[in-house]
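In order of appearance the chains are A, B, C and D, and numbering begins at 1 in each one.
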Amino acid sequence: MNWIYMGGYGAYVWGAYGLTLVVFVMNYLIVKREKKQIQKRMNRFIQSKDHE
Amino acid sequence: MTLFFSLVSYELRITMRQAFSWVTPLVFFIIVICLFPLSIGTHSALLSEIAPGMIWVTALLAVLISIGSLFRTEDEEGSLSLLLLSPYPLSVLVFAKIASYWLTHCLPLICVTPLLGFMLHLPALQVLVLCLTLLLGTPALCLLGAIGAALLVGIRGNGLLLPILIMPLYIPILIFGTSAVLAASQEQPLSAYFAIMGAFTFMSVAMAPILTAVALRMGVSQ
Amino acid sequence: MSRNNTLLFQGVSYALASGQVLSVRGANGIGKSTLLRILAGFIEPQQGSVSYDNQVIFQDVAAYQHGIHYLGHDNGVRQYLTVYENLTFYAVLNDRVLSTSQCNEVIQRVGLWAFRDTQALCLSAGQLRRLSLAKLLLRPAPFWILDEPTTALDDQGQQILADLINQQLQQNGMVVMATHQDIALTSKPNVLRLGS
Amino acid sequence: MWDWLKQNGLSPKSFYRTSGLCLPWLTVLFLGCAGFGLIDGLYIAPADYQQGDGFRIMYVHVPSAFAAMAVYFAMAICAVLTLVWRVKLAAVCMSCSAPIGASFTFLALVTGSIWGKPMWGTWWIWDARLTSVLILFFLYMGFIALQSILAEQHYRDRACALIALVGVINLPIIHYSVIWWNTLHQGPSISQLAKPAIAPSMLYPLLAMIAAFFLFYLSVLFMRMRNQILLREKHTHWVREVVLS
């Protein structure tokens, strides 16, 4: 259990690592969402070009 | 060189005819400096300690609010193509424009600084050093600000973007400017501070006009 | 060439000999001004190239731009300078020594003598257009690029413009114009229609 | 040779293909490095004699500050490629790596202040390195602000390249003037955040974490660039096939 408390600095250490995880996951999710949006936009764009 | 002086004289004539354009930074500078004693209190020891920082930061902000419109008159008139088509290198023309901007916008600030310095109970020696650092530092402020102004020349509503863009570049000038006055208050030798500020100013004299010219050429080809 | 990702024109090619006029026609927004700005060397074309006396202009844009006049859609006139100062400013900018008599003669030629010392701010659009036409006289240039020079010009102004162009053609210069109205010219202009 | 490189090596189409191939490898490598770094740093490495376990925040703070600076220099190199040789791919790389660099800088700032709390009792210490990371954050904000306000694609790439160059020229000057300013106002306090000369057992997790940050940067950068390339090249045929497939 001492590993969790980190010699009294547990809150700070896990806080810092938690934040790192959040920043990494955020970066990843933003890119994934952007990929979905672009996929949608490209499909619409290609359909509109086909109609011309 | 005659080209440089004649261009500067034309620019001065233009700015003089728009009286409002060069008065705003001066009035802004004086009003903001007067706000500090009203807000912080008139304890003279405190005031004289933070006076150099206040005057420097306010001078920096005064330059920032007015340099954004350095090329706006050209842009509205469409006379940017005039500058581009001239046989002279664009960076010389831009340097003349920035020099005339400095004469009309920054020099009045420096002339008013002694008055404000005494208002803030700043000893005479420190006021002199403050004016010297401003004299050496404000050209670099104008030159770096001109790069940002040239980048944003075509964009409407670019009022608040220029400070964000250019502020980080002003930090070394601010640091050395204020610490020179601090050193003067402790009777330390000042040659090092002026040397570094001079180096920074001349680096921006060499670098900024060329970068501004590149930015203008890019902007026109938009 | 496209302007913020909308396709303007493709496959435009034209060879203009000296002593001729090319009039570019086309509806508004078809890209006439963009084409003229490409010719003036302000914008780099995405495909193809512009060559002037068989040398691609973008090799040395500065040298090419010395030899041309570009009269943009918004006439490049300093608002807070008077008519006389505008011309001397243009002369200084283009390395031309201009005596006051020459300057006065140009102002009279363009018919702005009465407004010699009024700031460009107080001039009408037509007068501003004439002032920018006066700049063409200050410096001989083999190649003129005029973007809708006839806007806001009255009959007398159009007559002045026609004289200028005829004089330029006699001196074996070239002129490219983007216009909607026809101007009475001695030689018949070639026409390039965009977006046909 | 250079023209061949510009046509084939750096063309968006070939980049799209090659990045597609090496993306899975990058993520696997990243997970490996991160795993090793975390386990080693959090569990195996001995506690610092002075700071106890609190120093383990270093394994996150130092790599993110280092990566933030490195990403800015990478953007400056792409800026030179965009302005001088007009490599379109470099412009895409520069505009895509700005948000990642900004997130690293933000991470470095917050973990630095979290590390400062147990050690010096205050959330923010005007330490020289932390302050220059703060200024680097302003530079990133300026870059992203300029990038979002400019509409026309071609001009946006070149203007952002110019501001990145101006920023990178001034970065060392800012860094050293802040360090000099720091010694002036705080006296020569030993800056805890500088990389202390540490025992090898503590060094390996640090190197692993730095590698993990770079691999993460590369993988997210490639993903972002692939999206941007699809958008920019939407008129071409190969994009049609990619999207339809």
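The definition used in the following text is that a contact is a pair of C-beta atoms (placed from the backbone, for glycine too) under 8 Å apart; a residue touches a chain by one contact, two chains touch by 3 or more.
Here the structure is a predicted model, which means the values were calculated and not measured.
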item	value
Longest centre-to-centre distance from subunit B, chain (CA-based)	A
Chain occupying the most central position, where position means C-alpha average	B
Distance from the mean Cα position of subunit C to that of subunit A, given in whole angstrom	54
Centroid spacing, where centroids are CA-atom means, of subunit A and subunit B in whole angstrom	42
Interchain centroid distance [CA atoms averaged], subunit B/subunit D, Å	32
Subunit C and subunit D, separation of their C-alpha mean positions in angstrom	49
Residues of subunit C engaged with two or more neighbouring chains	none
Residue list for subunit B, restricted to those that touch at least two other chains	221
Residues of subunit A that touch subunit D when the two form their complex	3, 6-10, 12-13, 15-17, 19-20, 23-24, 26-28, 30-31, 34-35, 38-39, 41-43, 45-46
Contact footprint of subunit A on subunit D as seen in their complex	38, 42-43, 47, 52-54, 56-57, 60-61, 64, 99-100, 103-104, 106-107, 110-111, 114-115, 117-118, 216, 220, 223-224, 226-227, 230-231, 234, 239-240, 243-244
Subunit D residues touching subunit B - in the complex, by the definition given at the top	83, 135, 138-139, 141-142, 145-146, 149-150, 152, 154-155, 158-159, 162-163, 165-167, 169-170, 173-174, 177-178, 180-181, 184
Residues of subunit B touching subunit C in the complex	3, 6-7, 10, 13-14, 17-18, 73, 76-89, 93, 220-221
Interface residues, subunit C side, partner subunit B - complex	37, 40, 42-44, 62, 65-66, 68-70, 72-81, 85, 89-90, 92-95, 119
